Structure formats: C-alpha cells, structure tokens
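These are the structures in question, set out in turn.
Below are two complexes that have chain A in common, paired first with chain B and then with chain C.
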Partner chain A sequence: MSFQLYLLRRILFVIPVCLGITLFAFVIANAVPADPITANLPQSALNNEEIIAAFRARWGLDQPPHIQYLTYLGNLLQGDLGTSIKTRNPVAEDIGKFLPATIELATVGIVFGIVFGVAFGVISAIWRNTLADYLVRILSLLGVSFPVFVLALVGLTVLHAQWRWVPGPGRLGVLLDDPPFVTGLFLIDSLLAGEYETFRDALSRLILPGLVLGLYVSGIIARITRSSLLNVLGLDYMRTARAKGLRERVTIWGHALPNALIPVVTVIGLSYSNLLSGAVLTESIFAWPGIGRYMFRASTSQDFPAIMGGSIVIALIYVGVNFVVDILYYFIDPRIRLA
Partner chain B sequence: MKRFVVLLAVLIALFSLGMAQAQDETVLIIGHAESTDSLDPARGFTQTTGVVNKATYETLVTFPDGDASEVLPLLATEWTISEDGLSYTFTLREGVTFASGNAMTAADVVFSFNRLINADGNPSFLADNIASVEASDDSTVVITLAASSPSFLTQLTNSAFSISDSATIAANGGVDGEDAATADAAEEYLNGTSAGTGPYILEAWEAQVETVLVRNANYWGDAPYFDRVIITNIPEPATQAVALQSGEIDLALDLTSDQIAGLEGTDGISIYRGPANIVHFLLMNANPDVGGPVSNPLVARAIRLALDYEGYKTLWGGVQPGTNLAVGLLGAYGEDQAIERNLDEARALLAEAGFADGFDITLDYPDFSFQGVNMNTNAQKIQADLAEIGINVTLNPAEVQVALEGYRAGTQGFAYWFWGPDVLDPSDVLSFLPGGKVASERAQWLPENAPAEINDLIAQTGSTFAAEDRVALFGQLQDFLQESGPFAPFNQPDIQTAFASSLQGYVWHPQWLLDVAILSEGM
Partner chain C sequence: MTSSITSLTRESGWRDFVRQSVNQLLRNPLVVSGLIVIAAWVVLAVVAAIIAPYDPLAQNVNVRLTAPNDVYPFGTDELGRDVFSRVLYGARVTMPAGIAVVVIGSVIGTIVGGVAGYLGGLWDEALMRITELFMAFPTIILALAITAALGPDIRNAIIALVVVWWPPYARLVRGLVLEVKTQEYVTAVKSVGAHGFYTLFRTIIPNCIAPAVILATLDIGTAILTFAGLSFLGLGADPSSPEWGRMVSIGIDFFSQWWMWLFPGLAIASLVLAFNFLGDGLRDLLDPRMRKR
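Right, the complex of A and B next:
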C-alpha cells in the first residue's frame, strides 16, 4: 500500500469517529440527572421565572435536543465551542489556556515514561529470571498499582519540602511572570522571549510531576516491552543473527527491539493520550492549571459547554495520537507497508 | 543508565540553585483553593471573592478585625435610621479617593448599589430589600428599604455592597440601570483590575492560577505592610501543607485539622486558633409525642445543667456559647453568662419533672465530621455526661442525608446538630425562638408554647434598631432560651489556620475570612 493511500484511509477513518464523539458527548451531557439551572443560578433567582427563561434562551436550553445538537455541530465546524457558563469565556479560549500546561506536563511525563519503561523492559527481558528482572518486575508492578497521588505527595514532601532538590507546586514560581503568550508552552515561550530565568524555573518545576507521571506510565511500558521483546528474542531470525556472529548489542538494539516495538508504541500512544487528557489528581496535587482540573471544575458545576468542548478536545487528542501511532506503524513495520 | 542518573542529578542540582530568589519588596504569598467566580463586586459571591474584594474595595460600614460584635463606620462616618426603620441616611467620609484618583462621592454609592440590584449577579439577592438609593448631596446617601430590617447594617458589611468607582466602571462598559443584567459589560474589566477605595489594587487574576494584589498608592488610610499579596491557587490541602513547610507560601487557608495537628510544633510554623461561628447543640423536641420526656422544659433545663462544657472545650477548643446565638455576634452571651454544670440541681429538676430514676432515650445525629469536629466523639461524651444524672442515652448515628430528613421534618425527639449563622447579626437567634425555623419546624416549639411577653419581645426585634436597645432585647430573649428553650448549645469549636511564624496579626473573620491589609511581618 502506498503511504498516501494509507494516510487517506486513516484520515477518512477519523471523520466518523469525531462525529460519534460529539454525539456521544452531547447525549451524556444531556442525560445526566442534573439541572444546569440550579447549578449555575443563585438560589434567589430560582423563583424568578423571567431569569430562568432568560438563562434557558441564552444557553439554548429552550430548544429541542436535536436542534441543540445541530446548532452545536454547526458552531463546532466554525471552531466555536460555545461559551463556558462558569467562566463566561469562550470554551475554546479557556481550553487554549489550560491545554498547553497539560501538554507540557504530559510530554515530560511520557519522555520519562519511555526512558524508564523501555530501559527497564529491555533489562528485564535480556536478564530474564535474574535478580534484575525480578526487581524491575516488582518496580513496574508498583508503578502500575501505586496510587499516583501518594507518589506525588511523597515526592513533594521528601524531594521538595525536606531535601529541597526540586521546587514546589505550581507551573511557575509565584514571583515570576508568565512569558509572553506564543504557544502557551512555557518552555518554548520563555526561550522565544529570551527569559532564561523563567525557562529554568518552568523546567525545574516540570521535573517532579513529570517524574511522577513518568514512573506511573513506565510500569506498563516496561511490562509490554519485556513481553514483546521476549517474544521476539525467541524467534528463528534472532538465532540466525546470533549464529552469524553479530554482537549481542547489535542483535538486541538493531534487530530485536525494532521488531518488538509495535505493541510498545501502541501502549506509549495510549499512555500519552491518557496523560494529555489530564491527570486530575496529579494536576490537583501539583497545583497545575491543566485541562484535567478545568474539566473537573466544569463537571462539578454542570457547565455543559465546557464539559462538551473539553470532552471533544480530549477525544480529538486520542484520535490524533492514535493517528500518529498508526503512521508510526507504517514506518516501524514493513509488513503494514506491504499489506 | 548510569549516565542518565548522573545527568538527572546534575540537572536537579542546577535548578535547585535557582530556587532562592532575591526579594526587594515585601510579598505575602497565600496558598488557597481558589473559588473565585468573579471579582466584580456585583457578581462575585464566593469565599475567595470575599477575601480579594475585602482588600481592594470598601463598604459603607464594617465589623471589627476579629469578630462581628458591632457595626463600625468605614466609608460612611455616621448614619441615622428613620423611626419606621425604612430609611437609612449615611454621611460619607471626606477625602476618600478611588485607586484611579477620582474622589468618592454619593453618586458612586448610588451607582454601586443600583448596579448590584440590577445586575442579577449571584449576590444581587442580598439587595432585594432595597427599594431605592438616592444621593441628597455629594456626601449624603439615603437608602430606603421595602420592609424594615434591623439586620440591614450588618448585611452592608458584605463585599457585595462595595463602593466602586462609577466613572471608571462606566468608561469600561458598566451601567447601573434596570437593564444592567444584559447591558452591563464591565465584568471583564473588573476581573482584571479593581475600581475600589481599598488598601490594595487587583493587579491580575489568572483564573485557577493566581490572584495578585499591589498596594493602592491613593489609599486614604494607613498603607498596609505588604507591597504585594499573591494568592496562589493550591487546590489540594495536603499540597498547601507541604508548601507551607517548605516556605513556598506564608499562609495556608484550607488545611484540615489532621494536617494542622501534623504541623504542630514544626519550626517556623504557627497555628492560629479562635472560635469559629458554628454552634453544636442538642435539640429536645417540644412535642411530647415526639420528644417524650425531653419535651418537658424541666428535663431540658436539667440536660443543660448536666453537660460537661469544659470537657467539650478540651476536645475541640473554642468557647461555650451562652445560647444558640454564636459568640462574636452583637449581644451574644459568652462564657461569663453561660450555664455552669451543676449535677445536683440537674437531678433535682429531673425529680421535679417526675423522672427521679432517669429514663431511656435515643439520640439521633449525623455520622459526620464538620471542620474537624467529629460528631461521634461528641455524641459519646453526651451519653457519658447524661448517664451521670440517670439518663440512659442510646446513640443512633445516621448517614447525613438520612438524618437531615428527620431533622427537617421535625420528627427527631432528641437530636444533636450544629448551626452556622445565616447572617452575622443577633437576629440569627430568632431561628431558635418560637416561630423561627429551627424552633418551629425542627423542635416543634411554637409561638403558642411561649408566654405572650416573649412573643412580644420577638415581635419587637423587627423594629428595634439602636445597637444598645438590640443588645438589651436579645439579652432578654437569651435569658428565656437558657431557662425554657428546647436546645442545649454546648460548644462553639475553634477554627484553625497554619502560617509562617514570621507572619504577624493573623485573625480569622466570620465575614471576610481574611483581611490581608492587617497582616505584617516580624522577627
């Protein structure tokens, strides 16, 4: 299959998924047994029919559901996600503010996750059933099963409050100003503006939460790397490679690992989407103004435009990362190119 | 791998160096789970809004720094109330300017109140009783009420009644007319900067991240100590505790009592304790069919005499309230006027009521902890206290919603609940007097159960305005509650806050939670 055809097929596949997501988000948002009027109007206004009617009209709640959905879809196509009932800002603008914080954190987290996860997985597979293997397997089990908020709090208490190795919660020290907005990613914006102090602070504040998220996802990445690599190591062509006298390092990194990568990349993609959709607990503990906390607040106040806008953006992130993973498959695995 | 670990250690060490930052201005950093909905005084109605607007705006009248025991002048220097209680005439303070430099006049008061009334914001209901606001001259404002309300002055201390700069707000889309709910467009402006007369100016509010206040150079009063106040949003109390320990913040506003206990004795951290305004009390249903023995006023009084009030203070700190009127409010009976434990007298009263050998009764209460006070612990202590006069209490804890249902329906005979005032005014205690919500609906203590003179006194509270007259009137009502009421208030627990020991002057306030302008730094 040519790359163009593969790409086209993947893109066409994305369209119905996106449409399905919007419909799903809409149905869920409308089906919950909560009333946006009681959630968003003051107690005193609830007896006032005029105020309630005005609220319904303003947010389109007086229309039948299918009209509400079509209107929403129409606006969505123009990039309009509606206006948040709570913050009264356009949802797209709110998400534009909160999403970069999450992207920055999730990216650092997944980098740590890949480094630790793949390294642990390879160590564990090569030295199978040795002490190293057992240690790695215990560690990865801990990574998967240990509550991330405990890890985060212990990290803050020990590494920040006691040892002072890392700075405290927050995306930037309170005495520093945000860098001028270009991408919303502090690391990039501060470099663009030449604010090196800000860059250093922002980077240092990413280490601990990134490490926590990284350890959290490294567990599953290590397990998948290990089992996939063990699978490949047992195949005939590995024996052939060794038989023809290749050095062990070359057999593993050059032949085994690339062929074991498909499930690993899939898991990395899923983990990354997972982190990008907002790690609510981690974001809360590190006072990180990310999309997870934005969505949490929106949910607790029945802010439907924000819930739907956020859900759609998060779903699109999943679709987007999956899409990238699909494209990576094409390059990693020649069999897909030939199919 | 080894190389990676070394690299990581080097990176961490490098960045740690940057942590200590030089400061050339005095900065106060507060860790708080931000709840701001809006910083427009006509629209915001949350705890954080109150803290911020207390610093950036001022009201006509205010409370003392640490309680709500009296109404004091602020932007109004004096006021008179008409005979019928409907008309309040305020004389404004001279020489007050807004942060913009504009002089504060009666027109600003009219604009601010009308904008609050008409904006249909979250706090607008507070102004429901205001019929009109008029400026009779530059420094005199007349507010006319729809119905007389002796608690009106205490309501005016709410930051919703902040006086804002009408010229600046009008220039930024603000209107105060009847169409303000739709036509007013100043909220966005007021979320970015303040337009008040307070000691601070709002420099920036980044929702869910931080709120920054800087000194108002045009402030009419004494300049506050801190040049800059930063309220940084830390939603997780456990993180606030860590940040306080590491010195990243100077004051943590949302710690739980467990976390406070954990910080006790930590170098460089002080704990503030002072009575909050939550009163824990026993309810004894006045309807004999529901309350049984405790419906007898003699038994109710015996129970009041049997409780070990000092013991509850040992558990939770705080004070013993004289009645259900929270200590700290105008005219409230404090410890010096509270009931003292007297077991002999309690036993004699029980005998007089025909229960010389005591009786069995069930105590209903929610299985709940509020502000660190565990109601189960208190219920067990109540059980032990009453056993001493022969009353055999069976505890019946229930899930909060379930217990609330019985409480609201008035079907609980003997129950343990707590109450926080709806308004910081003595009239709040009317809820516990015949005809009031708790008394009538929950304890079935009706006006016909009370002597005519008490019902008269209750009626008079609606038309008594002078502070000293109100204190006298509510004193009589509190005497009556102590003697004959179906309630036994036993503890008003402490509220606790932890902060850096270098911080001076912290007090908790029942209305605005925190006044940053009275804080300073020492040591």
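Right, the complex of A and C next:
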C-alpha cells in the first residue's frame, strides 16, 4: 500500500471521529436541564437584554438544535470555543495557556516511562523466570495498581518533605516569574530568554510529577516489552543470528529489540495520549496549571463552555496522537508497507 | 489476545475450558495470593459493622488528628473519626462500585455487540461506529464531563464510568457473535423455528460469554482505580462518606498527618493489585505462546 493511500485512509477515518466528538460534547452539554443562558452568562449580565440577545445570536439559541450544533461547529472551526464562565476568558485562549503545562509534564512523564519501562521489560525478558524477572513483574504490577494520587503523596512526603531532594508543588517557585511566552513550555522558553535560574527551577519541579507519571506508565510499557521480546527471542531468525556466532548483546539489541518494538510503540503512543488527557489527578496534587486542572475546575463549577471546549481539545489531541502512532506504524512495520 | 480467546471457545465447550483454567490458575502463586486478598476484603466488607471499633461517621473533635496508637490503630482524621473503621467501611463503597461499573458495562457492551454482530449490515455499521466514537474519548475526561452534567455523587460516578466502560465489550462480543452465528448448532436452532432474539440471547451469546467474563476480571482493578480517582477529585462520594479515594483527597489538606491518606491509599492499592494478580494469571493462561515457554 502506498504511503499516500495509507495516509488518506487514516485521515478519512479520523474526520468522522472528530465530528462525532464535537457532537458528543454538544449532546452532553445540552442534556443538562439548566437554561444555557443562566448557565453560561455571569449573574451581572442576566439583566441586560442586549447581552442576552447577542449571546442567543452568537450560539443560535433561538434556532432548532441541529442548527445550534452547526453554529457551534462553525464557531469551532474559527477557533471560537465560547467564553469560560469562571475565568471570563475565551476558552480557546485559556486552553492555549494551560495546555503547554500539560504537554511539558506529560512529555517528561513519558520519557521516564519509556526509559524505565523498556529497560525493565528487556531485563525481565532476558533473565526470564529469575529473581530479577519476578521483581520487575511485581514492580510493574505495583506501578499500575497504585493510585497515581497516592504515589504522588508518598513522593511528596518522602522526596520533598523528608529528604528535601525535590521542590514542592507548582510549576515555578514563588520568587520566579514566568519566562516570556513563546511556546508556553517553560523549559524551552526560559532557555530562549537565557533565564537559566528559571530553567533550573522549572526542571527540578518537573522531576517528581514526571517520575510519578513515568512509574505509572512504565508498568504497562515493561509488560508489553517483556512479552513482545520473549516472542521474538523464540523465533527462527534469532537462532540463525546466534548460530552464525553473533554475540548475545548484538542479537538482542540489533535483532530482537527492533522487531519487538512494534507493539511497544503502540503502547507508548496510547500511554502518551492517556498522560495528556488523564493528568487531572497528578495536576491537582502538584498544583500544576495544566489542562486537566482547568477541566476539573470547570466541571466542579458547571462551566459548560470550558468543559465542552476542553473535552473537545483533549479528545482531538487523543485522536491526533493515535493518528501519529498509526502513521509511525507504516514506517516501523514493513508488513503494512508491503501489504 | 482476542484471537486466542476465540480459538479457546471454539475448540472446547466453555465449561471444560473454565474447569481446566481454574485448575491451572490455582497453581499460580500470584493468582492464589490475589484471590486470598480479594476474599479477605470481601469478608472485611461483610463483617465491617461487627469488627469496626468505631462508627465510621462518629466525630470526636477531642481526639482529632491523633497519630496511630493502641486505641486508634490507623489514627483519626480531622474530625476525630477513626481511620481504621472508615477504611473497613470503605470496602463496602469502593469495591462494589468498581464491580458494578464492570458488570453493568459488560452487560450493556454484550447486548450492543451481540445485536450488532447478529443483525449485521447497517445495524452493525451504525452500532460499531457509535462504539468507536465512545472509545475515541479519553476515559477520565468523558467521566468528568458526565459527572459535571449529572452532579457529583456515587451513583452518577458509576453511571459516568459505565458510559465509558461498555465499548470494548461490544467490540469483543460482536467479533465472537460473527463467528458463532455461522455454526451449525445455530442453524439447527433456527431451523426448528426459534426466532431471532431467542437465538441470539439463548444460543449465541451463552457461547460467547466466557471471553467477556475474562475481560471483565482483567478490568475490575482498573475500574476500582478509576472510581477512586473520580472520588478523589470530589466527583464521586460526598466528603463524609468513608470512600477510599475521597479519604485520600481529604488527607491532602492534612499532608503531614500521613495516616489519613496512606491507609485508604494502601487499601485501594492492595485490592487493585490483587485483581491485577488474578488478571495477570488469566492473561498468561490465555496466551498460549506465553504458556509454552
């Protein structure tokens, strides 16, 4: 299958999913018995006929539901996600502000996850049924069984409160200002501005939450790496490689691992999109001003424009990451290319 | 995994399969320890009222924030409630909630998948596209949005999780139904005049149920974890309720009183770990490639 055809098929699959996501968010927000005007406008605006009329016109509230949905979709395509009731800012602007914090955290988390996960998985597969294997398997089960929020609290108690190895919650210390906004990623922005003190602080504050998220996903990655590598190690070409006298290290790193990585890449992609969308718990403990915390606040204050906008953006990211994984597949797995 | 499950159902009746599997499972030490822990929690949940030294809701501000000692083995919380009693009673909330999510979700998924696979054609297309749509949404975000719409309480948290839980079952069962419905015994049942839904629910689905049950067992740990997470965010149980996730979240404000959050946290972890041990054993059993080596 040519790459263009493969890409086209994946895109054709993604479009209805995206439309469905917006429809779904729309239905949930409209299933609420509350009056959209009282739910969306601040108390002070409710006496003002003009504001109410303008709001009706903007979202087509005097129209039947399917027209309302199309209006919403039209506004969405222009980047208008409505205005948050709580922050009084356009939802798109809020998301632009909070999303980079989540991306930064999730990326550090997935890097930890890949390093630990693949290493543990390889150790466990090579020394199958030894003490090391059992330890890794139990550790990885612990990783997926321990609630992330408990892990975070244990980390804070031990590494921060007791040993003072890492700083406490938050993205930056109180004495430091945010670096000038370029990407919204503090690590990059602070380097661009030459604020090394800020960079150091931002990095040190990413370690603990990143480690917590990383431990969580490393459990899953380790399991898949282990079982996939075990599969490959038993195949004929591995015996051939050994028979022609290759050293064990070369057979494993050069022959087995690259072939074992295909399912691992899928799991890494899935884990990354889960970290991006599911960091709500970690973010609320570490006072991390990310999209998860924004969504959580919106959901506790019935801030429906923010909930809708946030869930659409997160779901799109989720779909987007999985799309990228599908595309990567094309390059990793020759069977797709040659099929 | 699905394909190995399918082949197992096809090759032998699922009753034989269950008997063999149980025997093999009981030889796995991780599975046995998991089962023991689960059984222990079930017993604790049942007898909580008898063995709990205090009423889990009774406040006593004179002893608030007491560290663990002889009188209060797990200490007391910010209102002087006994953490040990609350953890015991918590087994009555968190565990059934997680199990309810999986049971209801798997039943709905089985029905949707069964109908889609059996009717085929446009029905199949439509139902499966809807299923994929639900799967495209990240779990906790969808649950957040739904609980925001319904209002936070235990029942609504369960509803929200069921909404995100059924799709994998629908996909699994649809695939199995597609295979089973072409079997000769199904044709036989139809030829003696059984009508559509009788055939589906009395003949086809009972032959597809084993894999769904297995998936459910694998799933309970995650369901408990997710439910506790929602409660932790304040979207499940109300603050006074002895729910484990909720207890941890209250404990955050009393960070240095570690006993307030550590014990309920360990309770969640032990139960989820036990279910994962069980699930891991099942997975090993089902993957013949893993068994050989």
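As a working rule, the second predicted complex is superposed on the first by the 305 of 339 C-alpha atoms of A that agree within 3 Å, B and C clash if a C-alpha of one lies under 4 Å from a C-alpha of the other, contacts with A are read in each partner's own complex, and residues count from 1 in each chain.
In this text, contacts are C-beta pairs under 8 Å (C-beta built on N, C-alpha and C of every residue); 3 or more make two chains touch, one makes a residue touch a chain.
Everything quoted here is computed from the prediction, not taken from an experiment.
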Item checked: Three-chain arrangement built on chain A, chain B and chain C clash or fit -> clash
Margin query: A:R293 in the overlay: touching chain B, chain C, both, or neither? Say first, second, both or neither.
Written below: first
Next item on the list: Have a look at where A:V115 lands relative to chain B and chain C in the superposition and call it first, second, both or neither.
Entry: first
Notebook entry, point to check: Does the superposition put A:G173 against chain B (first), chain C (second), both, or neither?
Noted result: first
Note to self: Tell me the contact category for A:R200 with respect to chain B and chain C: first, second, both or neither.
What the structure shows: first
Next item on the list: Please indicate which partner A:I28 is in contact with in the superposed arrangement: first for chain B, second for chain C, both, or neither.
Entry: second
Margin query: Output check: A:A161 vs chain B and chain C. Expected answer is one of first, second, both, neither. What do you get?
Written below: both
Checklist line | First, second, both or neither for A:V150, with chain B first and chain C second | finding: second
Next item on the list: Once the structures are superposed on A, label A:S284 by its partner contacts, choosing first (chain B), second (chain C), both or neither.
Entry: both
Next item on the list: Once the structures are superposed on A, label A:V324 by its partner contacts, choosing first (chain B), second (chain C), both or neither.
Entry: neither
Next item on the list: Starting from the residues of chain A touching chain B, keep only those that also touch chain C in the other complex, and list them.
Entry: 153, 156-157, 161, 284-285
Checklist line | List of chain A residues in touch with chain C within their complex | finding: 16-17, 20-21, 24-25, 28-29, 31-32, 128, 137, 141-142, 144-150, 153-154, 156-157, 161, 227, 230-231, 234, 273-274, 277-278, 280-281, 284-285, 295-296, 298-300, 302, 304, 307-308, 310-311, 314-315, 318-319
Next item on the list: Using the touch rule from the top, collect the residues of chain C that touch chain A in their complex.
Entry: 129, 132-133, 136-142, 144-149, 152, 221, 225, 228-229, 232-235, 245, 248-249, 251-252, 255-256, 258, 261-262, 265-266, 268-269, 272-273, 276-277, 280, 287, 289-290, 293
Notebook entry, point to check: Any idea which chain A residues touch chain B in the complex?
Noted result: 42-45, 51, 54, 86-88, 98, 115, 119, 153, 156-157, 160-161, 164-171, 173-175, 178, 197, 200-201, 203-204, 207, 284-287, 289, 293-294, 297
Checklist line | In the complex, chain B residues that touch chain A | finding: 1, 4, 11-13, 15-16, 18-19, 21, 23, 27, 29, 37, 45, 120-125, 128, 181, 187, 206-210, 230, 232-236, 238-239, 242-243, 245-246, 248
